[in-house]
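Shared between the two complexes below is chain A, which has chain B as its partner in the first and chain C in the second.
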Partner chain A sequence: MTQKKLEMKNITKTFHQDKILSELTFHLEKGEIMSIVGPSGSGKTTLLRILAGLEKPSDGKIIMNGKDITKQKANRRSISLVFQQPLLFPHMTVKENIVYGAKVSKKYKEEKVDSLLEAIGMVRFQNHYPSEISGGQQQRVALARAMATEPEVILFDEPFSSLDPSLRQDLRYWVRDFLSSRETTAVFVTHDMEEAMIMGDQIAVFEDGNFQQIGTAETLHKSPANLRVASFLGGHLILNDHEFAPLHDVQVGTKKTVEDGVNFQATVEHITYQHGRPIAHLYVIDLKKKVSLPFDGTFPSREVQVTIPTDSIRTFSGETL
Partner chain B sequence: MIRKKAWFLILTLLLFVIPLTALLLQSLSAPWRFHTGQGLDWGWQGYAILFENPQLWEATFISIGIGFAVLFMNVTIGLFTGKALVSYAYRGKAWLEALLLSPILIPSLAIAMGLHLFMIRIGLADTIWGVMLIHLVPTVPYSIKIFHNSYQQMGKAMMEQPHILGAGFWTQVFTVELPLLRPAIRSLTFLTIVISLSQYALTAIIGGGRVLTLPLVFFPFLDNANTSIMAAFSIWFALIPLSMYIIIEVLMMFLPYSRLPWRNHR
Partner chain C sequence: MKLFKNKTFLLFLPAGAFLIIPFYGFLYAVIQSLGGEGFTHYHEILNSERFLSSVWFSIRTAGIATILSIILGLGFTKWFYPLLTHTSHRVMVWIPMLFPHFVWGYMIILLLSETGWMAQAFTAAGWLEDRSNFPVWTRDPQGIGIIITYVWKEVPLVILLLFPVYASIRPEYYALVDSLGGNAWHRFTTVDLPNLLPVLVESFLIIFSFTLAAYEVPALIGTTFPEMISVLGYEWFYGSSWDDRPLAFAAMVLTSLFLLILTLVGYFILSRPRWRAMRGNRP
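And then the complex of A and B:
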């Protein structure tokens, strides 16, 4: 039987009359990793800070293991938060930073620190100061320090955003494996959809202070709940407030390719390469929308026709969960 | 680069090394009258006369005691006020900051006159406690400013990190904040001790002449034509903040996670 580890009930946060979170409700089961994805400034960080206890919600409850922890201080909660910056203590060595986490949470064991150092591959650098190691190594130490407190839930606030792309990719898989091998419940906040898909079992699209949809990457792509989810995912051509077409069904050519379909005029704005394939960035004039889709071959002219077969047009599911 | 170094050397020689050497030489010789064409007449008279003064040691120890007490109070007040100023956002913060700086904008003598009456009423006039308190007037605004800036530089996130890991308030202050505030404590040590040591008027008014500090002993010497004694006194005066600074530096080595030779395992 699965057990609810962390629950948020009707959490609301207002700041100077602005509603940042609006009656947010969700729960996490033990060992589950949830990615929260959304545009910058949508309130994701505020949500994490409320969960961690760094900020108080204006209304609502946070329940952990069946107990109300809304009024508990951050240092009393069994929740750890890894910030965007590693924030290692500059006057402590790598090992001391990890030991510090273990000691202040009263969970210090020599073997645990050693095994964490080994897990993050920093045994050789254990006596180095943070300024003497690279950004990726610092972020790994920050994670080990957070893990040393043996938190029941660990929160990540865009922890890889300050790293270079190749390092980010390595670290994503490393953290994911690290968390699942320890069955740690985690919430992972990012504005990068790809990162959200790698890190989370479930993905929650967060915008305007509320979850627009929670589901697996597949569910989100197959049946986006609404226009916001679809436009954030970027895998669909949004036709209007109710209808969309998956990008893989969209056909591009110099003239209309199917008889039974909708047709739009578009211009090729730019061509870039991703995963070895050319990507065409089109501006669909009739819809006043930009779409990016992979294509093979070349376009003979800048003006193209975008065709969507009628049976590919779908309506938004409207289901948040 | 070479030009910069040359300028540094010239300025150091002109403003620091030469005057200090002259002071040192003067303290170890009879007053030098260069126009007579005679050289320096070496001797310890300057120091001998200085140490003959029966009040010198008493004044020195009282000054050091007051200096340390003022420093301790400054660190305590500055630390928590600075931290609060960085941690909380509220309306009228700029006004509060200006208000906290105001004691250095108003002549301290004016404040001392008013506070004198108050201290007489509560029985602090003519006591060492009264003098310690009045020395806070010209020093506390600076310490608040110094700690405020240092906390700001440390950043709010760095202050939240130990809290998230589970550290309590005091653990956080001693293990993370104080070690990172070392440069601030250093600046404050020099500033506070030098300001406290050089207060004549404030000490004379509130201490009523009963609390004897070095400036009170020093001032009568100013009329003296014997430059050797003055030089000896100046060096004695300068040695006090220096030795207090060394003591503070040694004490700071006991802060957790200090970078000490025997703590570096590499």
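And then the complex of A and C:
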């Protein structure tokens, strides 16, 4: 049986009568990485801060290794947080920053600091000050500093959002491998679905103070629980509150292409390129929805027909877990 | 020279022109202190017990007043800086700065002398048998009156200097120290102190230089022995004997040199790579 490392039970957080988190419940097993993805301002950071002990929940329990830690202070929890910004201490060198994490948590061993420096590829820069290294390097040092405290759970609050796209991509895989190789239990918060899929074994779609669905990338795509999940994923054409069609089944042409299907009028708003393929950005007039999908060939006019075969129309699963 | 080519030197002209006056004063004081007799006067004051005890008394009094002002100002800013964002609260804190030092010293005499308001109030309340039992806190040999006056006057200045720094510290750093396992002491030493250090060093230099060499407060509220260096210098300068004038100049030249060295030490501390990196510069 797998061991539950961290559990959140009915966590609620209200702020000035606004419910930011509403009876959140989830658990993480040892070594598992969960991505929490949701739009900006949805309360993801508040959720992490509550887990880290930096904020108190209004109600509910946090359990770690079977022990209630809801009332435990941040500095007593074996949970580390990597922030959106690296927040390295500017007057300390790379090595001193990592040593600081280890010493403050009373887990200092010189060999550990050396091996962390090696793991993040910063041995050569160990005596540099943060102002002398790049943003990506700074974020790696911040991760090593958090790891130096030997946390049982590590939390990430959009740690790559301030980096440029190519660096972000490299760092995603690097952090993923780093955590997997150490079997670290982690929660990774992001507003980027692609990042969530790369980082997490499980993905939790978070909106309106609650998890709309928790599952693997495949589950979310194959059977989104509801309209919110589907519209956040962006891989479906949402027909109404109950029905959707996967984008790969949607056909675009100048006239209705399938006899047994639903047909909508659309206009081509724009064409961009992604992964070497042209992407048509359409406005489906009847549904009042924008949708982007890859296509081959060209459109003779702006007015097009979007056709969905009847057997491709599915209903939302409604299953959160 | 590059400095002259890019005309940066023009920017220094106003400050340079202004500094001509004190530099001239200093140079003139050096000439007067030598008085054509080499270092005789320096030799004389450095062997004078009156001068040496005055130096010790001055450094001790100014040092205590400065350190107390900084500790109290720092504590006050740390605990109350969220309140200080309101203009009315800030004005209240800064009121003592509006009064001249002389007025503040006079207020301390009214308040804390053996015949002052506090002695009278304590006697009236029956806590003191007689007003003469009130401790000697003004014109006392320990310089307590001087220290109280300066601390009361300089704490608002320290708050004024530290407040913008506190307001600029990103609160995420405190959360970071917490999440790494640190306590309040770690928050203070790793987040507050490194940010405050340049201002603390500057505040120390400003307040210490001022309290060491200012005349009015020790003249009003100090004793005749030991006396602050400024009072001694004044007596030598305006005393009955003209022969003492070069001694006054020598004492002031030595005071200036001491403060100059102290400033240079502060400057070199803040120029170390660690503190340059703190300001975001590449060391």
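Everything that follows uses one rule, which is that the second predicted complex is superposed on the first by the 321 of 321 C-alpha atoms of A that agree within 3 Å, B and C clash if a C-alpha of one lies under 4 Å from a C-alpha of the other, contacts with A are read in each partner's own complex, and residues count from 1 in each chain.
Criterion: contacts are C-beta pairs under 8 Å (C-beta built on N, C-alpha and C of every residue); 3 or more make two chains touch, one makes a residue touch a chain.
As the structure is a computational prediction, the values presented were derived from the model and not from experiment.
J.: Based on the superposition on chain A, does the combination of chain B and chain C result in a clash or a fit?
T.: clash
J.: Per the contact definition in the header, classify A:52: touching chain B only (first), chain C only (second), both, or neither.
T.: It touches chain B and chain C both.
J.: A:130 contacts which: chain B (first), chain C (second), both, neither?
T.: In the superposition, A:130 touches chain C alone.
J.: Contacts for A:265 in the overlay, against chain B (first) and chain C (second): which applies, first, second, both or neither?
T.: Neither partner.
J.: Based on the superposed arrangement, let me know which partner A:90 touches: chain B (first), chain C (second), both, or neither?
T.: In the superposition, A:90 touches chain B and chain C alike.
J.: In the superposed arrangement, does A:149 touch chain B (first), chain C (second), both or neither?
T.: both
J.: Touch check for A:75: first (chain B), second (chain C), both, or neither?
T.: both
J.: Taking the superposition as given, does A:105 touch the first partner, chain B, the second, chain C, both, or neither?
T.: Both partners, chain B and chain C.
J.: Based on the A-chain superposition described above, do chain B and chain C contact any of the same residues on chain A, and if so which?
T.: Shared contact residues on chain A (touching chain B in one complex, chain C in the other): 52, 54, 74-76, 80-81, 83, 85, 87, 89-92, 100-101, 104-106, 145-146, 149.
J.: Can you name the residues of chain A that touch chain C in the complex?
T.: Chain A residues touching chain C: 49, 52-54, 73-76, 79-81, 83, 85, 87, 89-92, 100-101, 104-106, 129-132, 145-146, 149.
J.: Which positions of chain C touch chain A when the two form their complex?
T.: 170, 172-173, 175-183, 186, 190-191, 194, 273-275, 277-278, 280-283
J.: Residue numbers of chain A touching chain B in their complex, please.
T.: Within the complex, chain A touches chain B at residues 52, 54, 74-76, 80-81, 83, 85, 87, 89-93, 96, 100-101, 104-106, 127-128, 145-146, 149.
J.: Provide the residue numbers of chain B that touch chain A in the complex, in ascending order.
T.: 157-158, 160-168, 171, 175-176, 179-180, 257-259, 264-266
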